[in-house]
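Across the two complexes that follow, chain A remains constant while its partner is chain B and subsequently chain C.
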Partner chain A sequence: MTLDLRAIGLIAAAAVLYGLLPARARGWALLIASTVAIYLFQPALPIRFSDFILPTAALLLTMGAWWLTRRPADPAQQASRCEDAVSFGLILAVVIGLSLFRFVDAPYRLTPSRPPDPLALAMAIAGLIAVCAGGWYALQKRDLLRRRVLVAGIAALAGVFVALKAEPLAIALSGAWRGATGQDVTLASLADMNLLGFSYVAFRLIHTLRDRQVGLLPVLSLREFVTYVIFFPAYTAGPIDRAERFATDLRALPTLRAFDSARWSEAAQRIGAGLLKKFVVADTLAQGLALTPALAAHAEHPATLWLLLYGYALRLYFDFSGYTDIAIGLGLLFGVRLPENFNRPYLKTTLTAFWQNWHMTLSSWARFYLFTPFSRWLLGLERKPPTALIVLSAHLLTMSVIGLWHGVTLNFWLWGVWHALGLFAHKQWSDRTRAWYRGLNQTPRRKQAWTLFTWALTFHYVLLGWVWFALPDLAAALRVFAGLFGLSVGG
Partner chain B sequence: MIHETTLREQLRAYITRELIRDAKYPLENDEGIITGGLMDSFSLAEMAVFVEKTFNVYIPDADLTVAKMDTLDQMVARVLRG
Partner chain C sequence: MTWRGVFRILLKAALLFALANVLFAALNPLEALGSLSLYNRLWPGRERLPYGENPAQSYNLSLDNIPAMLASHTLSRPKAADEFRLLILGDSAAWGWFLTNADTLAGQINAAAAHTADGRRVVAYDLGYPVMSLTKDLLLLDAALASADPPDAVLWLVTLESFPREKQLFPPLLQHNPQRVRALIAGYGLHLDPADPRFVQPDFWGQTIIGQRRALADLLRLQTYGLSWAATGIDQMIPAEITLRQSDFEADVSWQNYDQPTALTADNLALEVLTAGVARAGVPLLLVNEPMFISGGTNSDLRYNAFYPRWAYDAYRTLLADTAAATGWRYLDLWDSIPPDEFTDTPVHLTPAGSAALATRLLDAVGTLE
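What follows is the complex of A and B.
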């Protein structure tokens, strides 16, 4: 089950039961529900048990990351030891409990397919934890710096991300897995490694590890940490919240008024708006009105391609921002106010402003962990490169990562580069024209005309960028670019 | 110890000359420099490097956000905190 209408309805109904729970049980309920949800949302995969093993691995990875980010000497961390032990036991109990659906008929399972044997699963998890504990003990004995462990953790997460998202690596991984389980190796594909929500999980975990490294991450209990990373309303489509903000909401749950009419009404409005955007507007546009490789190949006129591209831009926005509205609304029902992700991005008049308002939590993440530190590092060098080169490199790095986050493929990277070049050009232009631009304030009509022009320019630059995004095949994308300008269509 | 007035004027001069690139610009203490479109997030990184080299104060990346560094007043207060 993905986050479809049925799941949204179920979650909303669960929110009513949640409201009836004793206040102190709310945090625990969110932990259990989020743990169950990562299995519930996971699509079925062809490799036997993989759709159970992959979410379990994500869960174990999350708990491992919490272990690395702990502050054992901090009194607050020590105070949560008992609670952490209960959380640990509870999470494992839920996982083992879900594996009991092995003995239940398919229509009644909460897992995507038949889970592995509970006993074998328990032994495998125990073995893995024992190996990790042994490794940790060995590292501590050798007095390896925690800082290096955190860097290794970030590198390992990036490695797992690339392994699951880059087609050749995912196929190799899938082939090895298929081989080990006696399944047809020739059928290995990228889709075999589709661990739903992992893009978000990985970036949340990198945020916590990095913030722990620089001392910004507050002390978090295992329950708070795991709930933050896999919080079910935001698990499949974000947003990427920050741990300290999320923890503030979690800690306020015991004082939450269960059926606060203002909160429920706001939640209902957000869910309603999201459903309309996603399931009415975006899904209607997806019925042949938005660019796809097949439609692009059959478009016979530039105007058709332009219309399909406008349709695609709108579909993408309504789809994604609709999901965000639903996630925010569902979060509110459970007392968590997730951050906004979109703020009228297509109405912005510069590309920089577009990126401050499109998928805001991802772009903030990238600014925080890539753009700013990388720029500062280059700016602070003894032999500093020319500033324009620093700006270009920082944009290329940041936008490449944002592009590849969507999928480790050439087209997503090119989409990132397209935006990096646009942002670089905008910076060069605005640095040289600020005084002139301020002068426009004296002539409102000219300023109005200029604003309209920059809006159209920004929107169409973003629009053309979607060609890379929509078409995985480079030749097909180039044909669409040519076709849009009447050079040649189809072929 | 950094003198507030000296810091403020040095920072104002650097921002108008190097970042806004208009030395004559009358930058107010409470004026939104980034929200007003005078500077961008890259300029914040430049400002942080300038502060570090000139006043020997390291501003963490986490503080280089529009919410925390939009005005000269905010920047001065952050540098004075050390």
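What follows is the complex of A and C.
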């Protein structure tokens, strides 16, 4: 089950039951629901048990990351020991409990396909935990090593992310897995490794590990940490919240008014707007009004290509921001106010403003963990590079990662580079024309005309950037660029 | 906002929604909505009727709203002063299965840029539709004549598979348009059951917005796929490799419900539908027995092809020719006019070369219709 109309309806209905729970049980309910949801939302995969094993691995990875980010000496952390043990047991009980769906007929399962044997699963998890615990015991008293473990954790997460998202690596991984389980190796594909929501999980985990490394992460219980990482309304399509902000909401759950009309009506408005955006506007645009690789290959006229590209840009926005609205609305029903992710990005008049308003939580994540530290590092070098080079390099790094976050392909990277160059050009332009721009305030009409021009320029730069994003390979993208300007189109 | 306010809004919304549904059911505006089309205005008109089960690949879809189907067709454009408008009726062979629009019969006739003796341009319109039923052809002809500028002539391509009486009402297009079909049955005295249980007659709930949501979605999708159609000119998926029709057969002479040779007459073939079509056209109509694949393979002495045993097809040809002669229909029998290699996946679907050859034969005949 994906986050479709049925799932949204079920979650909204569950929110009513949630409101009837004792206040102290709410946090636990969210933990259990989120744990179940990662299996419920996971699409079925061809490799036997992989659609159970991959979500379980994500869950174990999350618990491992929590272990790395703990502050054992902190009184708050010590105070949550008992709760953590209960959380740990509860999560494992839910996972083992879900594996019992092995004995249930397919239509009644909460898992995408038949799960593995519960006993074998329990033994495998126990063995894995024992190995990790042994390794940790050997390292625990050496703080320097602990810091390195955090770095290694970030690197490992990045590695897993690349392995699952880069086609050759995913195929190799899938091939090895298929070989080990006696399945046809020649059928190995990127889709075999489709762990739904992992892009968000990985970036949330990197955020917590990095913040723990620099001392910014507050003490979080296992329940808070796991719920933050896999919170079900935001699991499949974000946004990427910050752990400390999320924990504040979680800690306020016991005092939440269960059926606060203002919160429920706000949630209903957000869900309604999201449903309209996603299931009416975006899905209508997807019915032949938006660019696809097949359409791009056969489109015959520049005008229709432009129309399809406009359709694609609108579809992408309404699809993604619709899901975000739904996630925010569902979060509100459960007492968690997820951050905003879109703020009319296509109406912005500069590329910088666009990126401050498009997928805001991802771009601020990238600014926080990539752009700023990398720029600072370059600025701190003994032989400091020219400022323009620092800005360009930081933009290239940041936007490349944002591009590759969507999928490790050349075209996603080129999309990132396209925006990095645009952001750099805008920075250079605005640095040099600040005084002239201020002067425009004296002539409102000229300023209006300039605003209109910059909006059109920004929108069309973003629009053309979607060509890289929409098409699977360089040749197809170049063909569309040529076609848009009437140079040559076709097979 | 208080819960009281929330409930008030919900109540108002529910009432408005219920009212909209009741109004929709009362007015039954689907056909009127269907005639509102972006085709021939924002998008170019389609060159054949919408049909397709895989819209994401073919940028086309099947729907039952005949006004919407016709409004999306180039036929809905006004007729030019120098145009000799030629409608082509028929099954999937006329529609152009596995043929691009340029290669269909209509496309090939238009490519020939032929003129009538008085100098008018012959412009052919593909009104074929990929199901086999003469009543379906009559239904489309009737609707086209009612909604578009009148044609100057009609070519009606038929084959035996479209004739069996029990097959007349099997296409969903007919079953979902009971009023139109019943009017034809009554108006032309067709020997078909107006109370046939296959007719879909929605109840009140079925006529509401909720009940008609699929039909409404299809209308919307027909409009949105217009951009993809305009961008690509594609309206069906044509595979790179087409599995060819069967050439070798079991020693089997059955056809339809008949295990053994049986006399074919107007009792079991719906010949009166042809009479109705000729009358409804009101302009010269040429009935064409369409070409078919003639096998030389195993048991080809028993069967011409996978569709027809020899006894049935021979009897049909004789009956059709005799009836045409007796009633004065313009009739052209082209059953064996195309070489076997020019057929694709079924005994009636043509290759582009086969379609071109047929177009040449028919253009010669169009001269007799002026």
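Heads up, the rule we're going with is that the second predicted complex is superposed on the first by the 487 of 491 C-alpha atoms of A that agree within 3 Å, B and C clash if a C-alpha of one lies under 4 Å from a C-alpha of the other, contacts with A are read in each partner's own complex, and residues count from 1 in each chain.
Operating definition for what follows: contacts are C-beta pairs under 8 Å (C-beta built on N, C-alpha and C of every residue); 3 or more make two chains touch, one makes a residue touch a chain.
Every value quoted in this text rests on a predicted model; they were computed, and no experiment measured them.
Participant: Fit or clash for chain B plus chain C once both are placed on chain A?
Facilitator: After superposition on chain A, chain B vs chain C: fit, no clash.
Participant: With both complexes overlaid on chain A, does A:P385 touch chain B (first), chain C (second), both or neither?
Facilitator: So A:P385 meets neither chain B nor chain C here.
Participant: For A:L308, is the partner it touches chain B (first), chain C (second), both, or none of the two (neither)?
Facilitator: So A:L308 only meets chain C here.
Participant: After lining up the shared chain so the two structures overlap, which partner does A:S430 touch, if you call chain B first and chain C second: first, second, both or neither?
Facilitator: Touch status of A:S430: first partner only.
Participant: Using the superposed model, determine the angle chain B, chain A, chain C defined by their C-alpha centres, to the nearest 10 degrees.
Facilitator: Apex at chain A; the opening toward chain B and chain C is 130 degrees.
Participant: Regarding the shared-chain residue A:G9, is it in contact with chain B (first), chain C (second), both, or neither?
Facilitator: In the superposed model, A:G9 contacts neither chain B nor chain C.
Participant: I'd like to know which partner A:G439 touches here: chain B for first, chain C for second, both or neither.
Facilitator: After superposition on chain A, A:G439 lies in contact with neither partner.
Participant: Touching A:P254, do we find chain B (first), chain C (second), both, or neither?
Facilitator: So A:P254 meets neither chain B nor chain C here.
Participant: Between chain B and chain C, what is the tightest CA to CA spacing in Å in the combined model?
Facilitator: 30
Participant: Show me the chain A residues, by the header's touch rule, that chain B contacts in one structure and chain C contacts in the other.
Facilitator: none
Participant: What residues on chain A touch chain B, complex-wise?
Facilitator: Residue positions touching the partner: 211, 214, 216, 352, 367-368, 371-373, 375-376, 379-380, 387, 391, 394, 427, 430-432, 434-435, 437.
Participant: State the interface residues of chain C toward chain A in the complex, per the touch definition above.
Facilitator: Chain C residues touching chain A: 1-3, 5-6, 55, 57, 59, 220-221, 224-234.
Participant: So in the complex, which bits of chain A are touching chain C?
Facilitator: Where chain A meets chain C, its residues are 259, 261-262, 264-265, 268, 284-285, 287-289, 294-295, 298-301, 304-305, 307-308, 311.
Participant: Would you tell me which residues of chain B are touching chain A in their complex?
Facilitator: Per the touch definition, chain B meets chain A at residues 20-22, 25, 37-38, 40-42, 44-46, 48-49, 52-53, 60-62, 64-65.
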